[in-house]
Amino acid sequence: MKKSTGNNSENLKVIKSKNHISDIFFEKTTLFFAFLIICIVFWIIYEMFIDSAPSRDAFGWGFIFSQDWEPVKEQFGALTFIYGTVVSSIIALAIALPVSLGIAIFLSELAPQIIKTTLSFLIEILAAIPSIVFGFWGIFVLAPFMRNTAQPFLESTLGFLPFFTGTKIGFGLLTSGIILAIMIIPIISAISRDVLKTIPQAQREAAYALGATRWEAIKMALLNAKSGILGATVLGLGRAVGETMAVTMVIGNRAQIKISWFEPAYSMASVIANEFAEASGKIHLSSLIEVGLVLFAVTFVINSLARFLIYSTTKKLTVK
Amino acid sequence: MANEFLNNINEFNLKEKYLSTNPEDSENPVFIKSEEYVNKDAAVQEKSSHEKSAIAVSTTNLSVWFNDKPGIENVNINIKKDSVTAIIGPSGCGKSTFLRALNFMHDLTPNAVVTGEINILGKDITEYNSIDIRKKVGMVFQKPNPFPTMSIYDNVISGLKLNWGHKKGLYDEIVETSLVQSGLWNEVKDRLKISAYSLSGGQQQRLCIARTLAVKPEIILMDEPTSALDPISTAGIEASIHDLKKIYTFIIVTHNMQQAARVSDFTAYFYLGKLIEHSKTSTVFTKPKEKLTEEYITGKFG
Amino acid sequence: MEAYEILANPKNLKRRKIINIVMLTLSVVSGLVAIIPLIYILFYTTAAGISSLNLDFFTQLPKPVGEPGGGIANAIVGSVEIVGLGSAFGIPIGLMSGIYVSEFSKSFFANIVKFVTDVLSGIPSIIIGIFAYGVIVLQTKHFSALAGGFALGILMIPTVTRITEEMLKLVPISLREASLALGISRWKTTLKIVLRTASGGIITGMLLAIARAAGETAPLLFTSFGNSFWSESIDSPTASLPVQIFNYAISPYAEWHQKAWAGAFVLIALVFIISLIVRLITKNKFSQSV
């Protein structure tokens, strides 16, 4: 026993309750299922590793830095897909972050109860709409809108930037960035709202008492919640990186790296979605699985970071 | 299982017999055949002759540790059978901690360690498993906590039903007796099938007592059972305790010294995790041996 | 005391007030901005989808391009089949693990389970598809509803675990104590008292998980694949609503687009109705248990 506070600590007899056999069996049963989850996750990692072995053997680390993707010549490199995923996700984040923050502030600090519940509900719905529907809507509504209205407008106003020039197809990095933004706004705003809610009301009252305006009080709460909000953002990023269908439908699916955001591109998830079922030959399939492995590694790092940030904020605040 | 169940029912009726004054009851052959009956009868006779067997709970150097800090320390106490023992003391003195150690309730508290020895009804507590001990040592909590998904009827028999299964009508008698004993029968007898949540706070607490009685424990622990109730409900529950102490051992934690004086035969005073004084209630309240006890009961602190 | 003068300067105060109003307005505006695409998508899909909804849509097999009529009955049945298989696999695991994490959370292992569940929920669904492909399709050498169900089941696990854990934690500890104090065993307490008290929330949470799974496309593309006809068994390629929508959506035919809109509308309606039920039930739950 660890306890040495008592004088006769050596003689302490610990009374341990005896559990009924059925209870022990029950706990072990639930434990078994919980353990299954862990097995499944390791199994997924193992499977990806094994199945991508031919590709990893053939291309090594060069796989990540090569732009070639030629199934006919059996030459594979993932750089174009990594580029497409990274850029579309960054665009998404740049759009989604300010909007989500605004929503979070509005929901946690400003809105009257009835609007709060309605808006929360609508955002929940937004989060639950299948991505195929977003993609479909992207093809028939957003892409034409981008081609005919948004892209000409952007070129005439921001055309001095290389991102906003080039052929206006409607399908490309910018369009998929916008679709992704719409899809990750619910998650970022919901978690930011929850984090903001954990900031004690007393802090805001203290700020008001010192003569702060409402915005200044909110700003203070935001500063306190910043790592939690960062965590929410990173979680949204993880979602954007892994999103498949909506991106596949609007990114244009062309394996190229172009500076313009109007240009079609390709993402890691979309190349898997498009080519996997018809992959020709072992090395092609294995390369696609290696793209999946890279995608998995990226989302794993992003999500772990996000969980850590959110956990550290809420923990710190609730302990206080 | 079936035997266990039968025994249980018999034992139950037996208790009823103790309550009733009808001599014909004891003529019932079922009871005489019952082993339990003989044992209990022997115990009753023994009780009158030997003081020793009249101990329901006895602890030796009982300590409970939370994260290596003692909640109670080296408590040595003998609690008499078929009596009411009140446990008093200021908040945080370890009253509830002591109580919860007696039926393994600390199982649910993370980082709680119980050390020492506890003897329940003549057997060391480690000889029971956690289910058996709780059938012998029932507990009523501070806040009424009926099961929200069950009717009044189902709440009363929840302990029996979940342990032995259910058959229509089997428990009708037990429900009535338990509710009569807890003083709730007249108020609810026409609406046994409605949700327990529709009762008032005091009624809910009496339902919880009835639920505990239905399992037929020998010892009933009560953790401030009336602190959340109005005076009328409190009076009702105190009356039930008074009636039932002939057949049950009550250990009641209370914040309210008047209540301790009203209902208990013995009073134990806890202070800072230690048992300071334990003797007849009249002694504790009129001429306490310890200075600390006197200060507490005269209202100098607490 | 220069600082006081700066602070008391009315210009300064005015500036602060303007910033205040601007920022608060921006916040409200962003709330509206987020709603616009939502409303747009909801209305557009409803308008485009409802017109091509008819009885045939639900009862007929797909027809080749050019022939009028036809439906996607096989895809709807296939979806039900695949999601059913997924639920049968994912819900028990999720439910039991949720019980473990909530009721036996004292242990260190419970925290590991929680972390791994988070990891699983962060894995992109397309990767789960690859996994199911490797584990089932590659071994059996053909696409099947079974493989699709396996993938969806894995996707459902983290949601179900999380919801079960949260709902069980809402059940006050005093109920557990009350039950244990009656000599009721731990497992009966958990299943018959705690789980039953939380059942409303858990069931609706599972409906939500099912609705999400029903809309998943990526993991089905190369597991259950697709089929223009009724699938023969769970061991053969099977059409599903989302994959069918995808195939129709990227096709060049207007009549197929119409069908896809109708399918999208069915999916959205499903999600909307279930979310609404969840909302209503959890609301009651909260007000009752507090």
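Labels for the chains are A, B and C, by order of writing; each one numbers its residues from 1.
Just so we're on the same page, a residue touches a chain if its C-beta (ideal position, glycine included) is under 8 Å from a C-beta of that chain, and two chains touch if they have at least 3 such contacts.
All of these numbers come straight from a predicted model, not from anything done at the bench.
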{"item": "A-C or A-B - the one linked by more C-beta pairs in contact", "value": "A-C"}
{"item": "Identity of the most central chain, Cα criterion", "value": "C"}
{"item": "Farthest chain (mean CA position) relative to subunit B", "value": "A"}
{"item": "Computed distance of Cα centres, subunit C from subunit B, in Å", "value": "48"}
{"item": "Chain centre separation in whole Å, for subunit B relative to subunit A (CA means)", "value": "55"}
{"item": "Centre distance in Å when subunit A and subunit C are each reduced to the mean of their C-alpha atoms", "value": "16"}
{"item": "Touching two or more other chains - residues of subunit A", "value": "19-20, 23"}
{"item": "Of all residues in subunit C, the ones touching two or more other chains", "value": "185-186"}
{"item": "Sites on subunit B at which at least two other chains make contact", "value": "107, 130-131"}
{"item": "Residues of subunit A touching subunit C in the complex", "value": "19-20, 22-23, 25-27, 29-38, 40-41, 43-44, 47-48, 50-51, 98-103, 105-107, 110-111, 119, 121-126, 128-137, 139-141, 182, 185-186, 189, 213-216, 218, 238, 241-245, 249, 269, 272-273, 276-277, 288-289, 292, 295-296, 299-300, 302-304, 307"}
{"item": "Subunit B residues touching subunit C - in the complex, by the definition given at the top", "value": "103, 105, 107-108, 110, 130-132, 134-135, 138-139, 141, 143, 145-149, 158-159, 162-163, 208, 211-212, 215"}
{"item": "Residues of subunit B touching subunit A in the complex", "value": "63, 65, 68-70, 73-74, 101, 104, 107, 113-118, 125-126, 128-131, 133"}
{"item": "In the complex with subunit B, residue positions of subunit A that touch it", "value": "1-3, 5-6, 12-20, 23"}
{"item": "Residues of subunit C defined as touching subunit A within the complex", "value": "16-17, 19-20, 23-24, 26-31, 33-35, 37-38, 40-42, 44-45, 92-93, 96-97, 99-101, 103-104, 109-110, 112-113, 115-120, 122-131, 133-135, 154, 157, 161, 185-187, 190, 208, 211-212, 214-218, 221-222, 225, 242, 245-246, 249-250, 257, 260-261, 264, 267-268, 271-272, 275, 279"}
